[in-house]
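In what comes next, chain A is part of two complexes: it sits with chain B in the first one and with chain C in the second one.
Right, the complex of A and B next:
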């Protein structure tokens, strides 16, 4: 009854109060979400700044090129940088063809059903295996069973198994981002399925595909636990550290950061650890930025679209 | 009942569709449709939304093959050969029966690469030959003058109407015999639409055109024959002037006079 007898002014006043309350709620929510978002940026900035502050004093040409030292001060990380790239490239050579092929199969060929579910379930399960467990698996298989001892190849194969599911998913998603109307257009012009994939779908997916691969390359570059027991924590002395053979112990930069802090007895362990961490972080950030630039460049190159 | 236009001479039948049924899973989308498509004429398929006209046209170049849950029965003969015959390669069918879609769907490549996509796919590698083909096709699609100075720029920078004419040029480059158009102007403004309509008038001199349209005015303007669909059934087919002035079926008359749809 009282509702019906309210004057027009009273109704307007009430609705204005409602609007004010909702505006306040809106502002509050916006503020909270903005704070959450900005804290991610601040966290990264603090993290990068701190590592830079600690590590920059250690960086010198000598540090970046010299071999590591086991006992005395003044060791460098030259072979570790070399090994990180060596294992990265070897891993991508193994991973990319298998992962991209599997991604193409799942996205373009597999019909919904038992087999596709099995492949996806296997990939998801594989992706949840902790990297240290994968490292111990590599130790059993590559180091002991195949008798390769600690080797760059064993490390790369372990990382291949570790990153296969993620790269397969990235490939599948890159292909899924291509609109189905392009596939229809190609098929309607009398192209076969394979031609449609190679000439219409893959060129359109090359941008996201490259971005995905480079981001995963960053992860491979920084991987530690899976390499400790497979590629090892040492490098050969002298020129042997830069050998091209995959059958040699190959400590990477990330492993070196762990090793110097956990096991090493050199007096300048803090300097080496901080310097290595800075180089590692810089490389990984470079991969992330590079992923965007390369992805964008390839998209323009292959599709003429900015 | 078999829907034939009495005046249609068997010699001029380009495509002969008999007892066509299309199912999506358990949904019966096209029910026993039969239609003769006359050579070098424009056949319009009209009817309210969801009546199955797009489903019907996609059966004419085996596009339903791409949809796992779709199933097609009946025969679709192209110059007397059933395109659903086991021995027929769908790739060859789509080479002879091209298709233009509702929304312009150029490849994210240059204008040139879009036009020569088909010829390249079919093995043409000679640069001069491809260049000549691109010019010929773009001229036929009434787009050459607008794009000749930017052939190697992205097709995605063209306007919607230009993109749709590019898609038509891309189909012409394959040198098909039949061109299927699924509401080719529905996403375009009136000026771009009238350019497409003019173009269809030109194309029927050399090609058989089947066009789905939701616009009765468009059907009346551009088509020689019109088929009316309702709820998955082909209700009536005849010359466009007969359908619009002397429909035989009550339901056709109701639709033409705007009682539903």
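Right, the complex of A and C next:
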């Protein structure tokens, strides 16, 4: 109403004020969004710096190789590092074939329909199950029902189910990144679907697939809650700690950090925690850098494209 | 090599056909295993998690709403853990949620290509940091800091809430960035052509248009927070009491499970109560997944 009675100059002045205010708001918002993003990066840099600062004094060859101590100071983390890798490898042996197969089926074979929706929905549901809940499921099945007690195998099988959805998703995304012209060309040459997948699609997808698997491997390496009541919180004494058998309690490094702090009576909890946290973080960084390097190498090797 | 006879060609085709069939069946079986896994999980946990009600004859209402947790005295009330879990999750989503969405907006709308390329691996590392390491940072840095600043003992809801706020960031950032990128460019162009600033476009056009995707980002952030165990256990103080404020020590469902399971005899009331808590967490996770489905369906 009042707009109509304003003079042209007043309207111009008002709209100029509006423009200035809007520009100021825009600059302010831009500044805030940049600040938020930069603070995430700074936070990460700070975490890494802090953990290195805490842990570097605790690291020695003795610490990395010696067995843990139950009561006195000076315990190492040798068997825990071994168990972390042992369970990681065992988990990947189980989970990778299932997850990649399921990924191939959903991406290459399954037509939209009830079965595909059911599998997708199951995978999404499985992905939201908290790892402590998965740990109790492992306890029920592998410890109580199969009677394995705490074992590396029970821990690895629990982690297999826990990581199935993430690995499946990685496989699906890797396959989806392969251009469909490749499939069409292969089929046009008379190849069957399976030949097309193994000879044309998978070689092109192997780079991103490997990157994804190694990134997930980093997460498996640091998993804790699902392992406490499946693989246990102890290692055998002496040489038995490096046993190859999957039917033995196998405390991993991440579990060790928690267990030493929460339950153990050794006086040097802080030193062990600081050193172990550094080893865990260093491994995660290695897995992350390694994932990219290996993925890129394989992509070039198999497709000739950088 | 002799020329392939029609018979040999036929044999090769039969072989290829058989391989195709076997491969297809195996791949389908692997997919079916995913369904089998979640069904087995639900069945097992539902059976063990309801023994508290069927075997020990505890009323589900008492389990959910009694603040007295003393399984030795037949009183497995879990209200304190439920309240603790809800409080830290709410804190995390109120603090980490907007922050994560802001970074998602930045990555989708503002960031130069090089900055995006640099930030993606950083977020990937944040996902990869084990939760005990987050807990360790909270324990050695955040708890003493809160102790110095406030004079409380440092352990409690605030410490747990802050740690969770950081831990849900990667989930919220990645999903909200995806949600914003999914908004058609024509909406941006239309808004800018009308003379709107970039911020006006983001606020009035893009955020509402990406609404359901952002809701999903927040829901999955909640799912990440409510199940987190190790990091929370190290900083929350593990006191089975109803929290009186942000600084009071508390306990949450996952932390109670991980603390007491080692001392729980199989078949005991305590063990049954802990499995009921695990079942409750599972039901919450399922409800959140259904909420995600609902949020996405509305958009269709």
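Convention: the second predicted complex is superposed on the first by the 272 of 306 C-alpha atoms of A that agree within 3 Å, B and C clash if a C-alpha of one lies under 4 Å from a C-alpha of the other, contacts with A are read in each partner's own complex, and residues count from 1 in each chain.
Definition applied: contacts are C-beta pairs under 8 Å (C-beta built on N, C-alpha and C of every residue); 3 or more make two chains touch, one makes a residue touch a chain.
Note that the coordinates shown come from a computational prediction; the quantities given were computed from them, not determined experimentally.
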{"item": "First, second, both or neither for A:199, with chain B first and chain C second", "value": "first"}
{"item": "Chain B versus chain C as contact partner of A:181, first or second or both or neither", "value": "first"}
{"item": "Partner, of chain C and chain B, that touches more residues belonging to chain A", "value": "C"}
{"item": "Contacts of A:189 with chain B and chain C, given as first, second, both or neither", "value": "first"}
{"item": "Which of chain B and chain C A:111 touches, first, second, both or neither", "value": "first"}
{"item": "Overlap of the chain B and chain C footprints on chain A, listed as residue numbers", "value": "192, 195"}
{"item": "Contacting residues of chain C [partner chain A, same complex]", "value": "16-17, 19-20, 23-24, 26-35, 37-41, 44-45, 48, 99, 102-103, 105-107, 110-111, 115, 118-119, 121-133, 135-137, 139-141, 166, 169, 173, 197-200, 202-203, 220, 223, 226-230, 233-234, 254, 257-259, 261-262, 266, 274-275, 278, 281-282, 285-286, 288-289, 292-293"}
{"item": "Footprint of chain B on chain A - complex, ascending", "value": "111-112, 179, 181-192, 195, 199-200, 203-204, 302-306"}
{"item": "Interface residues, chain B side, partner chain A - complex", "value": "61, 63, 66, 68, 91-92, 94-95, 98-99, 101, 103, 105-110, 117-118, 120-122, 153-156, 167, 170-171, 174"}
{"item": "For the chain A and chain C complex, residues of the former touching the latter", "value": "22-23, 25-26, 28-30, 32-34, 36-37, 40-41, 43-44, 47, 50-51, 54, 97-99, 101-102, 104-106, 109-110, 115, 118-119, 121-126, 128-134, 136-137, 139-141, 144, 161, 164-165, 168, 192-195, 215, 218-219, 221-225, 228-229, 233, 254, 257-258, 261-263, 270, 273-274, 277, 280-281, 284-285, 287-288, 292"}
